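One chain, chain A, appears in both complexes that follow, with chain B as partner in the first and chain C in the second.
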Partner chain A sequence: MSGEPTQNEIALQDCPTDGISAVKFSNSSNQYLLASSWDEYVRVYDVQQDRCKHKFDHTSPVLDACFYNTTHIWSGGADKTVRLFDLHSGADLRAGTHDDAVRCVEYIPDVNQIVTGSWDGNIKLWDPRRPVGAVSTHAQDNKVYTLAVCGERLIVGTANRKILIWDLRNMAYVQQKRDSSLKFQTRAIRAFPDLTGYVLSSIEGRVAVEYLDPSPDVQKKKYAFKCHRTKENGIENIYPVNAIAFHSKYGTFATGGSDGFVNIWDGNNKKRLCQFHKFPSSIASLSFSPDGSMLAIASSFQHEYTLDPNVEPPPDQIFIRHVTDQETRPK
Partner chain B sequence: MGRKKKKPTKPWCWYCNREFDDEKILIQHQKAKHFKCHVCHKKLFTGPGLAIHCMQVHKETLDHVPNALPNRNSVDIEIYGMEGIPPDDLREHQREAGNSNGAKESPAAEAAPTPAIPPPMSHAPMPQHHPQLVGMPPFGMPLGMSPYGMPPGFPMMPPMPAGAMPPFGAHMMPMPPSGRPLFPAAQSLQQPAPMSGIPVPGPTPAVVSAPPMPANRSMHDVDPKVTLSAPADIKHWSRPSSGLVVPIEGTKIIHPEQDISLEELRMKLSRYRRWLVK
Partner chain C sequence: MEPQPAWEAAKENIQPLRRGRNIASLTEALQNPEILEEKKREFEEDLRAYDGEDPLHVWDSYLTWLEEHYPSGLHGLHLPQLLENCISTFIPDRKYDNDPRYVRVWLKFAGLQPYPEEVYKCMSARGVGVRSSAFYIEWAEYHELSGESRRAQEILEKGIAMLAEPHDQLKTALKQLILRIAQGSTRNFEAESEDAPQDSRNALSKLRPTGSIEAPNVRVGSNRLALQPGAVQGLASKSGLKNSKMAIYIDENASSGLFSGMGSLAGSSSTAHSIASNKENTKRAEKMARQKIPQRLAASEGPTFDVVQDAESESRNQNKSSTTIVGVLSTRKDSSTHMSLSNVLEGPNINEKRMYDFLKVYGGTCEFQFEEIRFAKYKRKMAASGDATHTTHT
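And now, the complex of A and B:
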């Protein structure tokens, strides 16, 4: 259990045994949550029964995964493959490959496709109904570190701090290419539920709120703020902000950092709504349930610093926290 | 030790010799006139701070403080309000002020309990070639000055008489007839409004020089009222609006030095190395 277990929070049983790369709720069900891990497995949990229902072997560290629907899961890993798993039959299928590790896997409901991003510098689109090879491949500026689905658009963050905005209706060219407004490496991007913009985080305890519309009037509204920092003996420790998750109903968002904290922000009013207790290790991934009543929190060491070999590494854990309106609704 | 009571000299701006009723207003003036970046209109706290900002953010070298008198435009001297003014200039200004104001502001007229005896000035440097000193007795200047000439607590204080100031930039930037308001309040509105909860950095998260706040600030030579009000205001301004960042030296980013993602770095650990792309 965590340092400060609370009544409205449970730590899932049968957690991954190595670093957790992603936790994601099902698109439609508040009951199912997937977790991808460096232990080479993708697990599916029934969070209501606190039980690991399925466990699929990706045969290499899994860097990301997503639900396609309630019965199918896609994953991507260090072995460069993109796989899908059938929850009912237990069957798995190799859909195709990238030329380097697959870092991001997301489902795009608006066009019913899967998108993957890789360190080979490409994104690929896949048809989940015909999972034999990618539909198309699109070169990015550099290694893909993160990507966000924003309606019919894709927002891709690359290693060289570029942000590429693609329109899925015309993938012949990139719609917008921007430099990250943050000075340090891009860590995560997630789109607003109202599809007008996105939130971007960097390894340097900072988060930017940005808008897609390039007109100066709209761009004027963008801003950035510092977070996930602690002061110790006069030195300010600045932590990577690894995870962002939007509350689909309220448009507020949670950020998780390597400081082990989760904050919930109201981006429109530029306010922090709450901060949860410190988790045992870095927050690697966050996901709100579709109805916004729960937040899945992956607490997992990410080798931000070299561990003392004599010290037991902090456990990899997934917490399911029941969040209240007070914690997530704009005031 | 029998020090003389201070004569209330008005706060004045070292850069343009303007006098102000209040050090707060003086600081506002300095930020608006002398410490404002001509590129992004960000208001910095000191001349050196502005120079560093221009260099780091806009890659421009700033060789003089804007809107300053030709011999008072050095970007190397850290001045904030009345703090950091070279002591010779301070003395000289007070001498001038004493001259023009005559006996009205003499210590005797202030009901000061101590008699107005000129303190010993053996350590003070001789005033040098200043036309307005005609008629001043050589040691008659010390209204309100420390008997030792050098008040403690001034940062970066070149012990240099005003006449010996290097006249660099003498041909540039005479005080322009200002077409803009002296305190362009409207400009500050362009900056994101400070808000509670989320600190908004300015347009750049670059290092901003902090205002000089010597810990052992001298209380002797400035009107105590002014002195006490200043630090509170500095705190108030420096937090939300300026993006004041703790200098990089005081921070530590918890991330490996190499600027690649944590996942790529992790892949290099021995137990995952077999997955590395050759």
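And now, the complex of A and C:
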């Protein structure tokens, strides 16, 4: 179940030199992984050869990035800009801006668009084939903290624990507006691969499993549970749950917390499948490869608390773990 | 004709401040509301990103700025919560215990509570403000207004014994209090008949000295020192004598409004009171974990079948329901004062520890994400290093 770093796990070479904000596998290839970082770069790794193939300068801390296809990457930075990089030509282009730092960048395969969310309280949709300015802007009332793509829907998590569910086929109004069922700030949201619901995590050691269908019968199934807490001398330490990643084949999901642990859960049976060993620092981001054979784990201090100036945080690292069916398949 | 100043048109929406209002910031607030949001955001970032010698300075200037730039009051800003956050932030730092700015924050917080004495006692027990005259004067004032002049005197004497600074202020306050007791002019429960002129405007009565250099110019309530000679006053006391046989109904709420009025800053006494007493509805839910709420015995005892009603059983039911209500009320009193203090002094639960900086996330009037806090720090670091490189280049 758990133990020390094993043979089925590698730590990537040439890691970002400052906080890692996101790691994401390519949509179609198990070979490429991107990592965005506070060191102002977006890196693309070839995980099979264990080397950094491309490195793009965003000239500002990068808070999120995503693959559009195997040759194009979109990134959003603290400098309020949305940029895209061409892996073939090495060219970069400024697609447009928000009014505040861009916090989330995701690709929406169903409508072939890019969505960005910002602390300015808006989401913007972009056409990747014509990257000059946003297609449309949609107000979310509060600062956008996280967002998830769920087929033709968008699930946006904002400040003040609001969850907004949009339908991309009709963005004239917000389809559903909910309060988070967790009491504290929303940290991450990811959608089920079967598109019926989403998993939501908060900064206070809790994860909720929720369903989109508003009918009471379906809503009855929603639940939340505590995790990423450790007991020490009778005191329970509660950590933020920073990352969620779904296994596309089995519908199980991994969560990563500031306790440095990664857990894999079977949401349907309400069971924990396994827990990996403790990583050197907070888990900042998680991503399964498209075929579900690998899990990328970013271990990077989140500045959840003010560090003693004399203490260096553990180095930022990205681990690629080959996961087995036993670890990820519902039992 | 001269153009009308901006505040002239909005004056009924401007709440008075004890120390008076700065006309420049008032005009700014009324004319450029959009700049306010930007400035507020900057303050919120400062609260989280400041890492200099004196973090209280940021809080103090933010609170002052808020008062000055939200002239119609701080209703939407959860002021008690903000003050509480400030208090919690500096509780571990003993060097601020007798910092006049920190003591002021505590006193403002106390002023917003329905039972400020709890807060005063807590301050005294923790040693916050025990060397500050302002603390004793405000505490004594509270007792004097509740009609406990002896207790007020004791508190001032205690302050003098503790060598609170400035010493003169405390001595003057005590001297004046004794004078008022001797004249029998302090508000007493035995002399309720004097309540009538209490809130009326007296032309020639003396004013109570305040901490600031400027004396207030409104001669009502706690600002008025005594029922001293003066044409209006003479009339009032005469009528008071005439009416002394008549029982005067004293509204409890009104008197508690008085308490909060004396310490509260911009919020009107009634809203301050309601904010504080509604606190149980706005506080974070996990705080309930350690509280024991008395069981409502009567509530669940309703019969599941029809009972033949007679007069006796009806009266018994009424008795039951009335006791339930009494129980609920006493719980509320408990939770509004005691709960908030436990919020201030302890974490969510003794057996739990948050492994992130809770007060940085929820510290100001709005919440921040870890990345926002980090970026606020990053921006300031860049600005500082930018200045440094700039100076080395030139």
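FYI, the second predicted complex is superposed on the first by the 328 of 331 C-alpha atoms of A that agree within 3 Å, B and C clash if a C-alpha of one lies under 4 Å from a C-alpha of the other, contacts with A are read in each partner's own complex, and residues count from 1 in each chain.
Basically, a residue touches a chain if its C-beta (ideal position, glycine included) is under 8 Å from a C-beta of that chain, and two chains touch if they have at least 3 such contacts.
Owing to the predicted nature of the structure, the values given are computational and were not obtained by experimental measurement.
With the C-alpha superposition on chain A as described, chain C and chain B clash in the combined arrangement. In the superposed model, A:E236 makes contact with both chain B and chain C.
Looking at the shared chain after the overlay, A:Y223 reaches chain B, while chain C stays out of its contact range.
In the superposed model, A:Y305 lies in contact with both chain B and chain C. Partner contacting the larger number of chain A residues, of chain B and chain C: B. By the document's definition of touching, both partners, chain B and chain C, reach A:A159. In the superposed pair of complexes, A:W265 makes contact with chain B only, with no contact to chain C.
Within the superposed three-chain model, A:K183 lies in touch with chain B and with chain C [touch as defined at top].
In this superposition on chain A, the options for chain B are 127-135, 181-189 or 253-261, and chain C clashes with just 253-261. Shared contact residues on chain A (touching chain B in one structure, chain C in the other): 19, 21, 38, 61, 63, 78, 101, 103, 119, 143, 145, 159, 183, 185, 203-204, 234-240, 258-259, 302-305. Remark: chain B residues 192, 195-201, 205, 246, 250-256, 259-267, 269, 272, 275, 277 touch chain A in the complex. Note for the complex: chain C touches chain A at residues 51, 284-286, 351-357, 360-361, 366-367, 369-375, 377-378.
Those residues of chain A lying in contact with chain B across their complex are 19, 21, 38, 60-61, 63, 78-80, 99-101, 103, 119, 143, 145, 159, 182-185, 187, 203-206, 223-227, 234-240, 242, 258-259, 265, 269-272, 302-305. Within the complex, the chain A residues that touch chain C are 19, 21, 38, 61, 63, 78, 101, 103, 119, 143, 145, 159-160, 183, 185, 203-204, 234-240, 258-259, 302-306.
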